[in-house]
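Dropping the structures in below, format is structure tokens.
Both complexes shown next keep chain A, but they swap its partner, so chain B is in the first and chain C is in the second.
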Partner chain A sequence: MPHNTDAVGKRYDPVVYAVGREKVKEYALAVGETNPLHLDVAAARAAGHADVVAPPMFAVVYQSPSVMPALFDPEVGIDFAMLVHSAQEFRWERLVVAGEELTTATTVAAISEKGGMGFFDFEVETVDAAGKPVATGIWKMIVRGEA
Partner chain B sequence: MAFAFEPGAELPELKTTPDRYLTVRYAGASGDFNPIHIDEEFARSVGLPGRILHGLWSMAQVARAATDAAGDPAALRSLSVQFRGMGVLEQEVVVTAKVKAVEDGVARIAGEARQGDTRIVRNAVAEVSVPER
Partner chain C sequence: MTLPAAPVALAAGDEMPTEVVGPLTRTDFVRYAGAGGDFNPLHHDDELARAAGRPSVFGMGMLHAGMLGTRLARWVGPDNVRSYTVRFTGQVWPGDVLSLDGRVDAVEPGEGLPVARLSLTVTRQTGEVVLRATASAVVAAT
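After this line comes the complex of A and B, so read on.
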């Protein structure tokens, strides 16, 4: 199935995510974190942080609300029944703590086709309240071809 | 004792067994409610053996192996992975990783996550800041 590449370069409106203390703890517990920086406000403060520290992979949580609309965009044209998350990359500039507001924007970085499969790469950039970079994610999806 | 990031050094193995409700908790924590992770009947109806692990949960185990070794979540500068084999519940996940190089205070680490013979995360590459000496 040919994939339309017109959406390459499309940038979606930024999405604001407010990092909550209980959300950070919930996420940290779900992935098995044991470091008290993620779970215990007092321990985080004793280490010089304003509040509990989000594990680096919490980037999934604050970037997802920006990525999802791009995945569902009819102009991108992903067939969800055939969707596979094939690869993921994150680059972190600094730690995030509860209480921050982060702003994330997604761009369609690449769409290509090979062997009947579609390859969709999304570049996702998160900045803090001062506009300084916090994290970059590259979300790579494959849409399997129909038999 | 702190882990010494030196070329060739293997990070302490991380082992964890996702219990049968793990994907439900991770769905809530992450916001990814794709039914292939939480609905046994749905997963089977689309040809899967049953509910499967979220790839990003498995990636988080690789991240944790790196930050646990560093003793500091801020040390993890980047992580890239590929998802291939499907992860399943109630089977031990083992993360192994090795320091490939150390340059300018940054260790380059290569690793993977396995369940038995299935590699559920492969070609993981992490950059971790290490104290200069």
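After this line comes the complex of A and C, so read on.
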């Protein structure tokens, strides 16, 4: 099953994500977070933050709405029944707090094929309201060949 | 509870205190589905998972990647984590008990403060490693 590499370099329109206090807490609790910086506004403020602090891996949440349209793009041509999230990389410039609006843009970084499997890498850049970098994600997907 | 905000002093060979989580339940998967926005039915619909040849639903990788990331952030301070790269090497099933482990491989000079290079794993109760990660974090000068 050959994979079309024409979409490499394609960049999608940026998506804005508003970081909500309850959403940060919901994520933190789902991954077993106990640090009050992520759960308790008073504790976060006492530590000098404007509001609860998003755990670094909350990047998954604010980047997903930008990544999903790329995964579903017919030009990229991913077969969802065969999709495996194989690896994930994040680099952070700073912490994010509830109340911020972040803007994220996804680019198709690479598509290749080996052993009947397709390898899809998406580079995802998030900036803050001032346009300054917040985080970069590399989302790596494998599409397995027919069994 | 004291949690690091300022960089903490770490040296090569230092080990992150192990955290054991589980047994994981389907409810844990569903809670993460809602929190993380991953509604792939293979993670919450047993009937569909079995029709796709799986013994049951299984956990999304970003759930245990998130658990490990959280554990790391609590060790070094969330503000000090600079990068985190995970590779999924196995799947996590209902009933699994996971061990979250990490260690410092090296501490190198950085821009200003030193940077620790870490390696981390998530291991099932069977001994199977289901996630391998590397990370970098700013640490205090010693």
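Some points to look at:
Assume the second predicted complex is superposed on the first by the 146 of 147 C-alpha atoms of A that agree within 3 Å, B and C clash if a C-alpha of one lies under 4 Å from a C-alpha of the other, contacts with A are read in each partner's own complex, and residues count from 1 in each chain.
Just so we're on the same page, a residue touches a chain if its C-beta (ideal position, glycine included) is under 8 Å from a C-beta of that chain, and two chains touch if they have at least 3 such contacts.
Since the structure is predicted, the reported quantities are computational estimates derived from the model, not experimental observations.
In this superposed model built on chain A, chain B and chain C take up the same space, so to speak, and clash. When the two complexes are overlaid on their common chain A, residue A:A87 makes contact with chain B and with chain C alike.
In the superposed model, A:L95 makes contact with both chain B and chain C.
Once chain A of one complex is fitted onto chain A of the other, the partner contacts of A:V61 extend to both chain B and chain C. In the superposed pair of complexes, A:P36 makes contact with chain C only, with no contact to chain B. Once chain A of one complex is fitted onto chain A of the other, the partner contacts of A:V53 extend to both chain B and chain C. By the touch criterion stated above, A:N4 is placed in contact with neither chain B nor chain C.
Residues 23, 26-27, 29-33, 35, 37-38, 53, 55-57, 60-61, 64-65, 81, 84-92, 94-95 of chain A lie at the contact with chain B in one complex and at the contact with chain C in the other. Residue ranges on chain C touching chain A, taken from their complex, read 1, 3, 5, 21, 28, 31-32, 34-38, 52, 60-63, 65-67, 69-70, 73-74, 78-79, 81-88. Here chain A touches chain B in the complex through residues 23, 26-27, 29-33, 35, 37-38, 53, 55-57, 60-61, 64-65, 81, 84-92, 94-95, 138, going by the rule given at the top. Listing the residues of chain B that touch chain A in their complex gives 16, 22, 25-26, 28-32, 46, 55-57, 59-61, 63-64, 67-68, 73-74, 76-83. Listed in rising order, the residues of chain A touching chain C in the complex are 23, 26-38, 47, 53, 55-57, 60-61, 64-65, 81, 84-92, 94-95.
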